[in-house]
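The two complexes that follow have chain A in common; it is paired with chain B in the first and with chain C in the second.
Let's look at the complex of A and B:
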């Protein structure tokens, strides 16, 4: 059973919930990044409906809430180690289907990848509720349907923002109760996009052979990619990080270990001990990313890492389109296969 | 033929090399205009000129080959341009049918700014318009230009006042992924104001010129732009037949109001010190004659400074003097 809420009652729900939760939603960021007088939509804590931006895709993905760009793992002295505390409020994240799938991908990497679970991700993940925003018809660069990420069920609550009202349907009793007291019953069930404007054909894993690593297709990206790393930092499913040990200036016997996002397109990503960088050419980075997103990860987890959110297209200053790259690869591989 | 040269020059018509012919200079504050005004310019050029128009370095239009006798008629035709580009922004023009009321203070030029350019730190046209309404009409010869960032595409460094956009980088350490994109870029392209210390970025405020490159390069929004906009002002640059030189830094981290007030205060300074025995003494030469100190005292007088503002203690104007440029010889 769903509910229909008037905006002012939805705001009442938000303020009731904000006693226990930080509500994180797509909103205008309080800063200008690349260009002056250009709004940046990202994820931040909100307090009211009017702050929520639904007509634009976010530039940064919600992954930063569960996997912050920079996070202290533990503090050390020369004899002791103390894990960083986690004192943040529980969170509700309002996000779209692709991103919820993206978070499932991150969860695989952090929690289902071998025996050791990543406690830093775990503690954030376990104190978060996901509210799914229903998509009307998506945005120009979306290709979630091609990546089987247009549907999801691991949400606590589904929301549809209409011109006048807000429709909600929650699997969570506590939320349902609240919605019930502020709204009127309505038979609302989330519906999913079946088709995007953009269609991407992903080559079948079994058809991909190492010869494609040497294909000319990567040459173009060597010339075009400037290795700015935005496609990584905006991607919902990029989960690479690197760690740094910081020794405090005022006490050389103390310090902390931090982890920060890394990305295959960023400098420093593939530098090995000794300073040898084995993927210096930017096209090689593109190849590495592509293979990881639509081949390697799938081998391990049975799903593609890329969820088709399309942010890598939106943010690339060189107008490199990842969806186009996958399509090109598909054509090459299928042609090879026909021979 | 009897023409009062002074009157027609102040009306934005000029004496040309051809006797009996004049040219009209149309101002376009901030270098941006609705294309409908092209119709008016076209009409004047076709009917009274020779069907052509010159695009000036100051981003105006100069319509040549006009008979003096048509001036009153043309002034009526140019009226909608005046109304739209001057009156509507707040420029005080009493007799609209009489054409431009002055031509001394030149059109305020602007690079394309943040309406288009990815580097720009502000809306340059908008700033030019704000200045125009404060200083125009005025008969003193002052050249002003607004440029979005220190790339200085409008060549603000060759003006009496060059306004350069600045942003104050805001560093959010908690978002920084230590990629050093900002650090490497500032070192390579700008002033090496950023260094990397203990995996975080440190900005040397003395070296930083507020260009905003670091915010452009940061892939996570850890280095961002300040919500407040700042300007640096370079002064007394010039070309000319005596001592061409680049404008020199006068103020940094100035707010918009401070910039405008300084420019406004320059007019009483000129009025007080201009050598009236000369045909027209440019402000840069006045500053040379009376000294930077006097200039500074007068233009800063009564201004409410913003906290971040810094002003040059002294200025060592450079450039070269044609008369001292004697080391030439015939090539062998």
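Let's look at the complex of A and C:
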């Protein structure tokens, strides 16, 4: 059973929940501007409906809430080590289907790759509720349907913003009670996008052979890609990191070990002690990323890593389109296969 | 829930200089390990790096460390009794039981000898568990030779070829790449062989090619890969090759498994 809420009552729900949760939603980021002083849409804590932006895609994904760009793992004083404490409030994240699927991809990496779980991700993930924002038509660069990530069921609450009201459907008793007291019953069930404007054809895993890795298609990116790593940082499913030790300026005996986002397009990602680097050319890095997103992650986890959010296409300063790259790869592989 | 990223202290019991830049540290450690596995070794403030286990016994572990970076420079300043910080062991390591009753050939290049050293020691001690045992060791120059005392001991027990890429006139031993010595082993193709190849990527590539030419089949070759592991537990992504994580699925791989893994 769903509910229809007037905006002012939705605000009442938000303020009631704010006592226990930080509500994270797509919103304009103050003091973060890009071209012609246009404010960037990103994820931040909100308190009212009017702050929520649903007509634009966020520049960065909500992954930064569960996997911050920089996170202290532990503190040290001389040789005494103290684990970083976690005192943040529980969170509600308002996000779209592709991103919820993206968080499932992150969960595979942090909790299910190998026997050991990543406790930093786990503690954030387990104290978060996911509210799914229903998409109307999606955005121009979206291709979630092609990546089979246009549907999801692991949400706590589905939510549809209409011109006048807000429709909600919650699987969570606590939230349902709240919606019931502020809204009127309505038969609402979330609906999913079945087709995007953009269609991407993903090559079948069994048709990908070592020759594809050596194909000329990657040459183009040697020059076009400038290894800025924006595609990695904006991607909801990129989960790589590197650890760094920091010593505090005011007391050289004290410091912390942090982890920071790393990306396969960036220099130093694959460099080893002594200087040997496995991927020096930007074309090789593009190939590595592409294969991870649409081929080898699937071999390991049964789903493609790329969820088709299209942010990498939106943010690339060299206008490299990942969706076009996948389509080109598909054509090459299918042509080879027809021979 | 215990935090897998928190290292524990390990006291340095002794150390030994192998070359000008390589040093083997013996640390107090009673955590069960396998040869071929690695530890994430760190010093708070200097950082963390993967270091392979070069040997071990019940209450100590040997780590052979090359001084090439910030962390290792700091480690080289430590004295006996000082502490290293470790997490692990990680990775699969060599399956010793799987090598028993084989004609074992170990080919190691440079620091690649460290992860396989325990295997060599184990079968030198248990020579009767192998049908034959040959060792080819390659180093850049005589100055780069690791574990020279132990190599002398191995020479008294098994057939060892020790070669350097280039030697001064004073070098009386073999010169040339390890690949040149494979044909001298007199390999007669057969099901009993197991060959372990460890070393830099280019050495692994040409050594396996040469082995295949000499009658060894692909399923008889085992390799150990070196990558820049950061977390050691399959999260950070640095050591992924194709769908494999060197820290979880390796570093020891069957060649058949590894040959199509493209970085």
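Assume the second predicted complex is superposed on the first by the 327 of 339 C-alpha atoms of A that agree within 3 Å, B and C clash if a C-alpha of one lies under 4 Å from a C-alpha of the other, contacts with A are read in each partner's own complex, and residues count from 1 in each chain.
Rule of thumb we're sticking to: contacts are C-beta pairs under 8 Å (C-beta built on N, C-alpha and C of every residue); 3 or more make two chains touch, one makes a residue touch a chain.
These numbers come from a predicted model, not from an experiment.
In the superposed model, C is the one of chain B and chain C that contacts more residues of chain A. Once chain A of one complex is fitted onto chain A of the other, the partner contacts of A:213 are limited to chain C, with no touch recorded for chain B. Contacts of A:247 after superposition on the shared chain: both chain B and chain C are touched. By the touch criterion defined above, A:74 lies against chain C but remains apart from chain B after alignment on the C-alpha atoms of chain A.
In the superposition on chain A, A:184 contacts neither chain B nor chain C.
Looking at the shared chain after the overlay, A:116 reaches chain C, while chain B stays out of its contact range. Of the two partner chains placed by superposition, only chain B is touched by A:266; chain C is not. The contact surfaces that chain B and chain C form on chain A in the two complexes overlap at residues 244, 247, 262. Put simply, chain B touches chain A in their complex at residues 114, 118, 120-123, 165, 167, 170, 173-181, 184, 198-199, 212, 215-222, 224-225, 227, 229. Of all the residues in chain A, the ones that touch chain B in their complex are 29-37, 40, 42, 60, 64, 68-70, 228-230, 232-234, 244, 246-247, 249, 258, 260-263, 266-268. Every residue of chain C that touches chain A in the complex is listed here, in rising order: 1-7, 9, 42, 44-49, 66, 68-69, 72, 83, 85, 200-201, 226-228, 230-231, 233-238, 240, 242-243, 245, 247-248, 260, 262-263.
Chain contact summary for the complex, chain A toward chain C: residues 73-74, 76, 78-79, 81, 83, 109-110, 113-114, 116-120, 122, 210, 213, 239-245, 247, 255, 257, 259, 262, 264, 269-276, 278-279, 284, 288, 291-292, 296-297, 299-300.
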